[in-house]
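Common to both upcoming complexes is chain A, partnered first by chain B, then by chain C.
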Partner chain A sequence: MKPGLIIRLVVLALLVAFIVTPESFAWVFQPLTKNGQPAIYVQNSLLNLTVSHLTIVAIATIASTLLAVGLAILVTRPFGAEFLPLSRSLANIGQTFPPVAVLALAVPVLGFGTAPTLVALFLYGLLPIFENALTGLTTLPPAVTEAARGVGMTDRQRLLGVELPLATPVILAGIRLSVVISVATATIGSTVAASTLGEVIIAGLLSNNLAFIAQGGLVVGVMAVLIYDALSALERALMARTGQRRQHA
Partner chain B sequence: MIEIEALTKDYLELTVVDHVGLTVADGEIAVIVGTSGSGKTTLLRMINRLIEPTSGTVKIDGQDTRDVPAFELRRRIGYAIQGHGLFPHRTVGQNIATVPTLLGWDKGKIAARVDELLELFQLPAAEFRDRMPSELSGGQQQRVGVARALAAEPKLLLMDEPFGALDPIIRAKAQSDLLAIQKRFGTTIVLVTHDMEEAIHLGSRIAVMDKGKLLQYAPPDEIIARPATPFVAELIGTGERPFRLLSLGKVRDLVESGPAQGEPISADASLRDAYAECLWTGREMLPVVDADGASIGRIRRDDIAHKAERPQ
Partner chain C sequence: MTDAAIAAPTRSFAVDKLGVLIAALAAIAAFLPFAAFRANRIVLGEAKGLFAALPGWEAAALAIVLAAGIGIALFRTPTLWRLATSLVVLALLFVAIGHAGTFLTPPGDKIARVSPGAGFWLLIFAFALLAADAIARLKLKPWTRIGVLAAVALFFAVLLGSGTLNDLSILREYANRGDTFWREAQTHLALALGSLAAATVAGIPIGILCHRSDAWRAPVLNVLNAIQTIPSIALFGLLIAPLAWVAANIPGASAVGISGIGAAPAMVALFAYSLLPVVANTVVGLDGVPPAANDAAKGMGMTDWQRLVTVEFPLAFPVILTGIRIVLVQNIGLATIAALIGGGGFGVFVFQGVGQTAMDLVLLGAVPTVALAFAAAVVLDAIVEMVSPKDTRRD
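Now for the complex of A and B:
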């Protein structure tokens, strides 16, 4: 086994152990408390919060992936070509919006709870995926797309058999960006009463308990890094399998 | 048979292919030659409707190509391009199987055809079938590209500068392989190149294009002997004409009985090679052997030189 893989597995094991039995790590966070504050957040199970956090991220990401890839497919077909420049600039403008702003705008419409968080993550997650799907579908090697037409594939066969498979690694890079942003942004969701790991951090901020802030932040941060890492590995594997070289960071 | 009539392609004001008419008989190799931007690729792609003509008609075996859905038409016509365009995410075997799969051949027949083609292109099937295109050399990729184009046994094969990316030695080999395969299957070929040498070597007829117009369409010896316009003459290269003529002839055509000294030459070598050999070794005549190495006579330098004169 490579050292990098061992480190990742150890980190993952520690993360899972902490989420399942946070009390056994109380000694780690004790030094951060003062005046006899509790070292571990116990109002809600950390496991439940993590599962809820990840579920919200997963639902939002799957929804944004479906819509973003669908839109990218539409605007890269001949009949949708008119909308390509427009949708490209919309995607660019959209990405200059901070995620918090999206969340703030969603609350008045949807009220408090999980819904505005889901919507904010969904909307914000659309942009990197759309952008990458566009790049993936418009920068295919010209000789390959021409050959696909030349051998007599129908539009549908070309899309499913050639264009999407070749664009998948680039699309996956967009999903990776989107997931990482979502894992972080879901934290803010707690301010509008979504059940996420942000709850731990906010509890820490309200009671001035550095230990809570640290454990909430650590869990979110480590999850983001591990997910980013795993998706990068998947991309590299796909790139290698499709015989392509890496085009995007 | 392909019949092209008054075929025209306009892009806005620009006429890229201008009323081109030509006929390619079954089993012929028609080579379209011309400078870059003369409309060769556009003309070729209008045959399988990768580009829709502005006006004019293309008929294949009497049928107007517009009477068939474009994707069906293309499945019947082999298509090989420069840079091969292999699908990078599919194995060599899957690439070759593309058109038979689209046509719904059964698995056993497809597998047999893939292996047959790989062997034909000197790529041992067991070794190459499951490799990815990125694991092949440029020459091997190009062969797989041609094998893919031939997989469904098309009667017609279109090739756009298929050897353009190959180095000279591999290129010469690819050209002679193509000629051998064409002979074996009797495929009708339309091939685009900007290289007159390649056109003369491969073509049974050569179509010279300039600025979208077809200047001349004739067998190579006639193009060399009687270029229709100064542009055609220039494309052939005035200083090259006698040697281009010689490259069309085979030693077999001029062989006579009698002895000669020194290293023999093959009856299938070109007259150009034989003449070069005479000059280089300072010999008046060369012994000639057939493919088995058996002596079949000799060839004289003066006879070869005579063949290089402008035909009447």
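Now for the complex of A and C:
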């Protein structure tokens, strides 16, 4: 095994151990507390919060992937070509909306809790996936698409059998970006009472307890890095399978 | 395709697909409340349709204008017409919602709140789509885009200054805290721009170092990447302790305003998030300098320093500026989080509003933040395009 893989597996094991039995790591966080504050957040199980955090991110990412890839396919077909310039500028404008504002504005419509967070992550995740799907579908090697047309494939066959498989690594890079942003942004959801790891951080901010802030931030940060690495590896594997050699972003 | 759309004002009445979408959105909006009336700040709203929210003749006039606007959107009309139509309809919608506020508020009532309803927002969205599409198709020159933005800003300044919107809930909130609003606005801008300036000053030299030395590149970029994965609320919180220590132990630090809570940790956190885009874009920009240009400069006997200043840096500048654009837009949004650690900014209103379930207050914080981020994106995109060499301009 390569050393990089071993380090990641060790980090993953430590992360899982911490999430399952946080109390056994109390000594790590003890130095950050003062005046006898608790070192470990116990009001809610860390395991439940992590599962709920990842579930929210997963649902939001799946939803934004479906919509973003669907839209990218639509605007790259002749039928939807009219929408191409608009969709590009909308994707650009969408990014200027701060997540906090999206969250806060979703509250009156959806109430407090998980729903506004899901919506904010969904909207935020759309952009990177859409942009990458668009790049992937518009920069296919012309020789390949010509050949597909030449052997008499229908539009549908070309899309499913040639264009999408070739664009998958690029789309996956967009999903990777979007997941990493979502894992960190989901913490803000706890300001509107979503059950995510942000709860631990906010409890720390409110009670001025650095140990809580550090453990919440650490779990989220480490998860983001591991997910990023795992998806990068998947992308490389896919690219090797389709025989593409693209410069890594 | 876009060229054809501009050049040929088709006489045939072909239906425009975007127009169909806009008409559908407007049709849905017709069944949604135009405005909401609440007897006070936090009770549930009472929905008012267009004809209940405005005096009869005004509602009828607006309905006719909307129908005409949809008609122009629905058929293939010249792009410039479509832009003008969308801007006129949007302007009239804002005036109308202001009048609805005055019309629905009982005379002399200071507690009642009138806020825009879902129908209003959907109409704004539909016609903003039309405007965005027209602007994208017209491929306006950078200066023209800045001009359009300035005209829109001027329109809102006049509208706000004239008091047309004063009976809307968001401006009622503003009236209650006018002084605080401008103070938080200053803090917000200081946080976003201050951290950007610091990140630019520090990031460009780091980027040059990473470009020139492979030994530095991977570690520096990895560390900066790792910082991006720390959730913003955690990073803001984690900086409280070290800065409190600095304030207590380094002479003069607290005198210049450094303290554990407040603006200092927020500034440092924003700076940390800003470094990656600046450094990474500097590296990418310098890597993209054509080898021929470098060779020519070397052949002319330029020193390393001369080459950097006169050849590499000017060629890499558009890419670096793109990094600065990303940072500015991102910082304007992230600065809202500063409010959670007492750092001020528009986030103060957002989080107070969420705490009191007073959405008008949330809007008072969110609307200026979104507007600022949007304006910053438009202006910097235009500048990036102006400094980019013509042949590599992106569409």
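Miscellaneous remarks
Methods note: the second predicted complex is superposed on the first by the 247 of 249 C-alpha atoms of A that agree within 3 Å, B and C clash if a C-alpha of one lies under 4 Å from a C-alpha of the other, contacts with A are read in each partner's own complex, and residues count from 1 in each chain.
Convention: a contact is a pair of C-beta atoms (placed from the backbone, for glycine too) under 8 Å apart; a residue touches a chain by one contact, two chains touch by 3 or more.
What you see is a predicted model, and the numbers here were worked out from it, not measured in a lab.
If you put the two complexes together on chain A, you find that chain B and chain C both fit without a clash.
After overlaying the two complexes on the shared chain, residue contacts for A:N48 are found with neither chain B nor chain C.
When the shared chain is aligned, chain C comes close enough to touch A:R88, but chain B does not.
Contact with chain B, but none with chain C, is seen for A:T242 once the two complexes are overlaid on the shared chain. With chain A as vertex, the superposed Cα centres of chain B and chain C define an angle of 100 degrees, given in steps of 10. Contacts of A:V100 after superposition on the shared chain: chain C is touched, whereas chain B is not. Of the two partner chains placed by superposition, only chain B is touched by A:P165; chain C is not. By the touch criterion defined above, A:A148 reaches chain B but does not reach chain C.
When chain A is checked against chain B and against chain C, the one touching more of its residues turns out to be C. When the two structures are aligned on the shared chain, A:Q30 is found in touch with neither chain B nor chain C.
The gap separating chain B from chain C at its narrowest, counted between C-alpha atoms of the superposed chains, is 11 angstrom. Against chain A, in their complex, chain B makes its touches with residues 48, 50, 70-76, 79, 81-89, 98-99, 102, 132-135, 145, 148. The touching residues of chain A, when paired with chain C in their complex, are 32, 80-83, 85-86, 88-90, 92-93, 95-101, 104-105, 107-108, 180, 183-185, 187-188, 191-192, 197-198, 201-202, 204-205, 208, 210, 213-214, 216-217, 220-221, 224-225, 228. Residues 141, 143-144, 146-154, 157, 162, 165-166, 241-244 of chain A touch chain B in their complex. The touching residues of chain C, when paired with chain A in their complex, are 1-2, 16-18, 129, 132-133, 135-137, 226, 228-235, 237-238, 240-241, 329, 332-334, 336-337, 340-341, 347, 350-351, 353-354, 357, 359, 362-363, 365-366, 369-370, 373-374, 376-377, 381.
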